[in-house]
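The following blocks contain the structures, represented as structure tokens.
Both of the next two complexes hold subunit A, though its partner changes from subunit B to subunit C.
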Partner chain A sequence: MRSKFGRRERLFGYSIVFPYLAYTAVFWGYPFIWMVILAFTKWNYFSKPRFFGIQNFMRIFTDSTVLRIALNTLNFLAYLIPMVLTASLLFALALTKVRFGKTFIMLSFLVANVSSGVAYSLLFSNLFAVNGPINRLLDRLFGITIPWFSNPQLAVFSICLIITWKFIGYYGLILYAGLLSIPSSLFEAAQLDGANRSQIFWKITLPLLNPSLITVTVLAVMLTFGIFTEPYLITGGGPMQRTTTFLIYMYDTAFKRIDPSYATTVAIVTALTSYVIVMLIRKFFEKEVSFV
Partner chain B sequence: MKKLSVLFLIVMVSLVSFAVKLTFWTAPNAFQEEFWKTVVTQWNKLRPDIQIEVQTIPAAGSSEEAILSAIAAGNAPDFSENIFSGFAAQLAEIGAIYAFDNFGADFQKLIETRKMKSIMESWKIKGRYYVFPIYSNPMIFWWRGDILKNLGYKEPPRTYSEIYEVSKKFADGKKNFTMQVISGRNWWDRWFDFITYYYAATGGKPYIDVEKRKVNFGDEAGKAITQFIYTMFQNKWTAVELGTNPFYNGTILAKITGPWEVNWAKETFPKVVPNIWFSAPPVPDNYPKDKPIYTFADTKGLVIYSTCKDKKAAFEFISWVFSNVQNDVLWIEKTQMPPAREDLTTNPAFAKFMNDKFFKAYASFVPYAVPPALIDKTIDLQQAMTTHLIEPLMYLKGKPEDILSKAVKEINKILF
Partner chain C sequence: MRREKIYSYVVTFLLLFLAIVWIYPYLWLFISSFKPAEDIFTTFFPKRFTLEHYRFIFVMADRFERPFVRAFLNSLFISSTVTFSVIFTSMLVGYAISRIRFRIGKFLFNFIIYQMLFPGFMFTIPMFVLIRTFGWLNTYQALIVPSLTSSWGIFMFAQNFKTIPQDYIDAAKIDGANNFWVVLRVMLPLSRSTASIVGLFTFIGVWDNFLWPLMVMKDYKKMPLSVLLASFNHEYASYIGPVLAGAVIQTVPMVIIFLLLRNYFLQGISMSLR
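After this line comes the complex of A and B, so read on.
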């Protein structure tokens, strides 16, 4: 069958598509194939990969550290999702009330998002040190010091606090855009019907903000599975392994234990787990919203 | 004459064109880089047939990560420094490094020339020499002499009980703490706390029986150390996070450190430096007074990778650098770190450094500084020490003896 396009058009088409295909092949295809090879082999960076069947996957089920990290991840999720949603929502709601300097405020909050993880981790570890400025202030005011990074549960909380600080601006803007997309006529109609502020918030704003809230929740879940810099630099995965994350474990396994095959397998399982959790959230909490 | 010059030029150009070009990675440390650049420049002028290119180990989480990534990508250098013994054992295990024994009599001659025969013995991996040790840093304690003087002391405390006494006078658990008992939560920090204390308490006994692959530190010395760490945390005489520069701002009286801090401290805290007193790591109360106190040696060496283009050429360069005692003199001038030589205190070439109180202090500990166990599971076992021994002691999770025996069991499982 003859193509309806001429040679020149076809060439033009290929030239447009080629950079994308080449990019995908190099940065997605090649790593993907290499990942599959690694997961089913044993490799030590030096010799040729040796076929290992599904033993890397089997090992995950008997690895007590993986279980510890899975529990840690749930712990992080339990703190991070409510913290990040509440803080970003408050920021977005506050933005709707601001009349002047809105861009400046948005940019100020976004600075945290683009700042270096290493820099702010070091900053926070000094701020929250046992004799750091925060504890000195608390000691002067109330006579107490808080073991921010020394107590296992508080360490998880403190890291979530830092991550929330980093993402308020970014997630807040997503929610702010969601708030702006709700037609003001709906609020006006509710007010005319005699609804108070609380009723408007719970019955109109929040349900209509569902798509943005789900977006932020999904992003926060993926973020939780990718926590690395803060615990790596501040707590080193401790105390008592409570802030060890999948990424820290992968890094240590690949580069300290010289076992990139097992690290890849952990990465695959982590990605699948986060995907399942995201799908569950969408299935149970995502609602279709229409403003008509 | 003109013809001769042209001929000479042609010979030089062809030598450089056909020269072996080797890549050498140095530690990401400005002082060490300076040393290597100086000696490599001299060598490259001297030997146009073997040209060395110096590069700093690329920025990464650690030198080990950068080197492994390079090996994986097939971009490993020909040879590199900054290799600790445990990492060398791992590299030897996977066949990534080349044994120096292969150079036969030339290697033996170099060991003799550099006076490092017994030092080499502690670097044997499965009966072979894969690493050429460059420096050996004894870990010693720095004390704030000015504060101790005000507390009525003429010298730093020596035993655990003496440290408790000082603590009662100085530490308040909020702003003032006696010393940094635990160096951190990273796996390598165990070298600078528990392992150092163990060497000190036992006269340098190995903490791991490498041949039997069993833990040694579950003994009386181990019990005394765990009790010491526990007591310091229980009484809030030390803390987990002490903020930035606690030693220099007077929050703590003592910290353990290596000579790499000397130049920085002199530049950054010139007022504190003259008041620093030195001591060996603390020992149990019953440790004999006349017996020397051992400490940990932070030792790093040089390896040739199996993928090296011309191993003999690399060895020629290494041999040239370390056969000349003046290069070790230059090393000290640039880095302040004691070279891995046994004649530091006797060789006249190093006499001038003995006027420096820091170098003298470190050099005096070199004979009593013991390197880490040469075991391929270094990282795993020291991470397990953090999780099962140090952290439970820091957070007072159980009795010290129970914590120690549980840790020994867990670590033996890893070693088995």
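After this line comes the complex of A and C, so read on.
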């Protein structure tokens, strides 16, 4: 019976796969080839692309803006990764203890995640404005106002803060699912053996949560390398270029400085860098976990 | 045991409080969009509510060359077209590479995983070059056609189709169903949750997309809401009321869809764990 249907089935398969391959060739293959061409040429959208060797790549190493952006990205990572990891871990741990209202809590934290990048950037830039509601409240309570987006370090921190606001629910639930997958017999056995709460946390919960923690870290690293909307709309890359990210630089290079070749090179190098960091995280922190 | 119980109640109330803190920005945004302009930064509950900001957006904004209503409809049109297409193509290609035994299927499956390794921003500039070559700048095609398929969507459907027993397919075929009918009437209903997850995340992704439409669309009449709102804020940031009202309009559809499909959203998160 299978052979009777087999030929017709394969025919059906080809009639799906070939249009798909044709589409992919145009909208994935062609840009892919152009990406390689752009990286090794110099072009201004109009003339013929001129072969440029590896000069685009060499330029990255001498470009002071790229250095500034690399430091900015490290700065973002230094705030965002600890903030996001701790907060979403605490959220996940707390969620296992919740007695009632769990759905309401999960939904409130998750609804932040579906906020549109543009809308929430505008929302927070007004909420945290110099004379905005948050500063008015701080002024009334403590007599201080905080220049959330105009001090260089604070601007980076504030952007990390609102990204944390957006992603706690999402990452927290990944960790929560990880926590639930740890068999409760392990905790009971440890309790019988007389382990206290912090021993259980450091010796059992945290090591067994490793896969989910790595997933969240990797997602957050990739997120950091792709930051665009928030600084573009809130700070415009300033103050003193401190919130300029790779994508803002790519956009400016391609459209304000009319240099698509160099912009593409920046994008390639950014992708490679994020890839290397992810590999390093995997290599040094990922542990095989099995529940025996 | 008693201490444990008290502890868990404390945690519960703390989290309930934090949940309200977390939706506070939304509440502030929503309430502020109905406040008279002078009250936006000063009081949380205003003395009177006003619709002037929404009137500005719906009636006056055209005079500022910012047709908000049209932008909203543009966003709706672009997002639904892409979502519908992604579900349809992912379903078919997913079926081909997971249930049909031919060599190209295996190859395609690996190719799709390979495609997913590349972050999207590597392709933005070359894709812009392609769209420019086609002469598609400032057209709807530029926003729709590059996203008609999704390797992630194909992957999700393929993984799901693998778990469906072959008997269902055979039974349908003995009853005389052709292959297309099998996919549409047997496989799709059995993977309703995959379809919802793919649809939900695709819709949110397209609705929320900013960088790409910012690059290819300079025509205010065809802009999606995200870019129009950003450009309005860029020039008229002092009109805080209308900016916030625009942000509400940009947010509300996503929140509604999220609340309707919240269970699939949760499933989607646990599926992303591999």
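In the analysis below, the second predicted complex is superposed on the first by the 263 of 292 C-alpha atoms of A that agree within 3 Å, B and C clash if a C-alpha of one lies under 4 Å from a C-alpha of the other, contacts with A are read in each partner's own complex, and residues count from 1 in each chain.
The rule we apply is simple: contacts are C-beta pairs under 8 Å (C-beta built on N, C-alpha and C of every residue); 3 or more make two chains touch, one makes a residue touch a chain.
No experiment lies behind these values; they were computed from the predicted model shown.
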Chain touching more of subunit A, residue-wise (subunit B, subunit C): C
Touching partner for A:Phe61 - first (subunit B), second (subunit C), both, neither: neither
Partner chain(s) touched by A:Val118 [first = subunit B, second = subunit C, both, neither]: second
First (subunit B), second (subunit C), both or neither touched by A:Phe142: neither
Contacts of A:Phe51 with subunit B and subunit C, given as first, second, both or neither: neither
Subunit B versus subunit C as contact partner of A:Phe284, first or second or both or neither: neither
Partner chain in contact with A:Trp34 - subunit B first, subunit C second, else both or neither: second
Which of subunit B and subunit C A:Trp165 touches, first, second, both or neither: second
Partner chain in contact with A:Phe255 - subunit B first, subunit C second, else both or neither: both
Which superposed partner A:Ala263 touches (first subunit B, second subunit C, both, neither): second
Subunit B/subunit C common contact set on subunit A: 45, 126, 129, 131-132, 136, 251, 254-255, 260
Interface residues, subunit A side, partner subunit B - complex: 44-47, 125-126, 128-132, 136, 139, 145, 147, 149-152, 235-241, 251-252, 254-258, 260
Residues of subunit C that touch subunit A when the two form their complex: 7-9, 11-12, 14-16, 18-20, 22-23, 25-26, 28-29, 32, 40-42, 44, 89, 92-93, 95-97, 100-102, 104-105, 108, 115, 118-119, 121-130, 132, 145-146, 148-149, 170, 173, 178-180, 204, 207-208, 210-211, 214-215, 226-227, 229-230, 233, 240, 243-244, 246-248, 250-251, 254-255, 257-259, 262, 265-266, 269-270, 272-274
Footprint of subunit C on subunit A - complex, ascending: 1, 5-6, 8-10, 12-14, 16-17, 20-21, 23-24, 26-28, 30-32, 34-35, 38, 45, 91, 94-95, 97-101, 104-112, 114-120, 122-124, 126-127, 129, 131-133, 136, 165, 168-170, 173-174, 177-178, 211-212, 215, 222, 225-226, 228-229, 232-233, 247, 250-251, 254-255, 260, 263-264, 267-268, 270-271, 274
Contact set on subunit B toward subunit A in their complex: 61-62, 64-65, 68-69, 71-72, 90, 94-96, 174-175, 177, 184-187, 239-244, 246, 251, 306, 379-380, 383, 386-387, 391-392, 394-395, 397
